[in-house]
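So that you can tell them apart, the chains are marked A, B, C and D in the order they are listed, and the count of residues begins at 1 in each.
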Amino acid sequence: MLLKDLRTAVLDANLELVKRGLVLYTFGNASGIDRAEGLMVIKPSGVDYDGLRPGQMVVTDLDGNVVEGTLKPSSDLETHTLLYREFPSIGAVVHTHSEFATSFAQAGMEIPALGTTHADTFYGPVPCTAPLSDEAIGGRYVHETGLAIVRRFAATDERAAIDPLAVPACLVAGHAPFCWGRDAHEAAHNAVVLEYCAKLAYNTLTLKPDADGVSQALLDRHYFRKHGPGKTYGQG
Amino acid sequence: MLLKDLRTAVLDANLELVKRGLVLYTFGNASGIDRAEGLMVIKPSGVDYDGLRPGQMVVTDLDGNVVEGTLKPSSDLETHTLLYREFPSIGAVVHTHSEFATSFAQAGMEIPALGTTHADTFYGPVPCTAPLSDEAIGGRYVHETGLAIVRRFAATDERAAIDPLAVPACLVAGHAPFCWGRDAHEAAHNAVVLEYCAKLAYNTLTLKPDADGVSQALLDRHYFRKHGPGKTYGQG
Amino acid sequence: MLLKDLRTAVLDANLELVKRGLVLYTFGNASGIDRAEGLMVIKPSGVDYDGLRPGQMVVTDLDGNVVEGTLKPSSDLETHTLLYREFPSIGAVVHTHSEFATSFAQAGMEIPALGTTHADTFYGPVPCTAPLSDEAIGGRYVHETGLAIVRRFAATDERAAIDPLAVPACLVAGHAPFCWGRDAHEAAHNAVVLEYCAKLAYNTLTLKPDADGVSQALLDRHYFRKHGPGKTYGQG
Amino acid sequence: MLLKDLRTAVLDANLELVKRGLVLYTFGNASGIDRAEGLMVIKPSGVDYDGLRPGQMVVTDLDGNVVEGTLKPSSDLETHTLLYREFPSIGAVVHTHSEFATSFAQAGMEIPALGTTHADTFYGPVPCTAPLSDEAIGGRYVHETGLAIVRRFAATDERAAIDPLAVPACLVAGHAPFCWGRDAHEAAHNAVVLEYCAKLAYNTLTLKPDADGVSQALLDRHYFRKHGPGKTYGQG
């Protein structure tokens, strides 16, 4: 993909978030990466979505150095760059403060896989990070936000690693969701579906606090219906 | 009804679901049947609603064999065909992941008949299936989804059979609602009313968890006001 | 007011309900009365709001006999006529199944006066009727619905009478709200404000189930700020 | 700023409230002040927003005497004037009955700082006043409403003073929010963000009633990211 096309794809992803009601004012950002060139395209910081043009997108390298563009990149830049460095399979990152996903993040709760709507996109619960320590917050905070996500996906003594493409989203405790995908279109789509699943989970848990999640069999069936070599959904 | 008209009616039903906010992206589908010809018209799988045309609808027989059309039918095809075979009185089927009906399905709860809005369309609670077994999920899953609905409407030692036209909807546990009607227009209408009743029931139960349902007398009065030979509602 | 103008005012009230999201499909109706002529104008039964014209409104006398119009009047006609006969101060009646007011009706709960938004329009809680008996439901049901409202506003040994213009709305248990006002514009406005107050009350009670209502002093201050000879609100 | 420009800015702030869904009918008002001239511009009372023009804004002095304009000023005038006199750093005031902020006010609850969305705009919980006494309500009620806000921001034996620009909003118990800012644009923006934060807090607390607020470190980090000399957000 040419850098020019990536700018347009990243802008389109940003606008999809607005169209779907996921961002209030400038509370969100999307980026995409050109792995061959080692360059990233990201929304400028605090700029209105109305009238935003591809040429206003900021190009940086994977250390966050601005390569092209006269505007300052999103203040969440270092979270994006860290995710690209640590999750080599992803091609785009989206951050929003969408209502229900953010509410779970504020509660410090993961979004459990309560139904097939969730299982069609997320192969398991959407996890929530541990709270950031005061040291992390006082230090390289934006970078530490990315680290908290990466740590949550890594294997520990108690749990297995999570494949970032199988569960393409994470809640940052006390903050909001980060989502990703193989490209900008998919990352924005995942952010929209995450918000919908969060809303369903909110309703379900307020109706029935001890609702069971889907069985492993149902999770497998729905996830692999839409993903991987054996997928049967769609025209592809 | 000519097959050409059925294609248009089925497309219109799909678009009504979008217009009423019942489907996100491609999460829904509608079909209709021509009983005389033994042919069914259904939405293609995973195709955007924008710009969808009658000619893109897929025609199959009641065993799900594609008779006309170049696109793959909805991945829920076998649930539709089973419902047509088992419920001979119905003429159309609609499946959505609409927010509140899906939330009840995820909670594994029926939608109780809590008021006259519900009773005007559904002659009793909208039931929820038993969870599918791992064997059913691992086997002919889409067909088994239909079977779970059919079993929920059949008589058992504990309960009477439910007439599918009297209660034209069922929640599939952990999944989402299926609705139906005598024709595509009615099936879509029932899906919209179901979502509205689910929302009312959610609000009611979160306000007052032990809310009583309507009395049998009120259920009778409202249901038969709009249905059957003695109906008094509307201009008909 | 000429009957011609009343038809237009009643149609406008019906359309205001649609515009404000209070009615799904045909689930609502408005009427107005010409007390001098003893004639009432009401929406026809089950007719779509799109394209509805003043000439389609139905004119009846206060016993519900159709005087002008070729369409059948709303199936709730006898509730309207009873309210006009029993509440001589009102000039219009509106019935909806609006989401939150209906949810309180389904819970059999009154809407308490929890804040000044409520007190600006309703001088006390919006009451909920007792459930209708099986005899009432099996008899002249629509008339009995009106009777249940009238009884709820009458004095009893335990409580004082309620002035219908001071609290221009009532919830019918297991059913939905009826609202009214001095004219069709005001009745529709009251229905819209009722739904807003019901939503606020729902949020407040789910946040804090034992929330206190406003004090009598605050109720007086806000209600009389907008009503009666000493009102200070607006340009009038 | 010329008085002419202030009229336009105040009108724009009023219209932003409508556009963002914060006001139903005429339930809200915005004002702005020209400190050099000692003059205030405020919305007229009970006038529809549709077609409202800058010339209809009412100009008063800080005692509430009308200096220019033929319409009556907002009935909340004396709350606005008091806030301008007591909070010399603010340049505009906005009052709404927005849904979720009003629900917290009705519950008599502050809006806790549960996440970074809140911390980006409000440096701590958004407080709620004590209930007004019957004497205050029966006396100069609108003035007393302002006093209750001012008292809530003043230091007491139990708590420190709150800087009105650091927490630019207050809930009035049993009533609704008042917001402010350095200018009319910022005050309206704060009202919109307050409503969004109230919605997130409602969801969070109904999911997890004992949710912890953000840490002091996170509050500092996010607030000072967007405010003060060290701010890094945006292009400024």
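Things to note:
One rule holds for everything that comes next: contacts are C-beta pairs under 8 Å (C-beta built on N, C-alpha and C of every residue); 3 or more make two chains touch, one makes a residue touch a chain.
What you see is a predicted model; the values in this text were computed from it and never measured.
When every chain is reduced to the mean of its CA atoms, the largest separation from subunit C belongs to A. Where the sister copies subunit C and subunit D meet, the same residue numbers recur on both sides for under half of the interface positions.
If you average the Cα atoms of subunit B and of subunit D, the two centres end up 47 Å apart. Averaging Cα coordinates per chain places subunit B and subunit C 33 Å apart. Across the assembly, subunit C contributes residues 206 that each touch 2 or more other chains. Contact between chains, using the touch rule, shows up for A-B, A-D, B-C, C-D.
Partner subunit A is touched in their complex by these residues of subunit B: 24-25, 27, 44-47, 71-72, 75, 97, 99-100, 102-109, 131-132, 134, 137-138, 141, 174-176, 202, 205-206.
The touching residues of subunit B, counted against subunit C in their complex, run 114-117, 189, 192-193, 196, 199-201, 203-204, 206-208, 211-212, 214-215, 217-218, 220-221, 225, 232-236.
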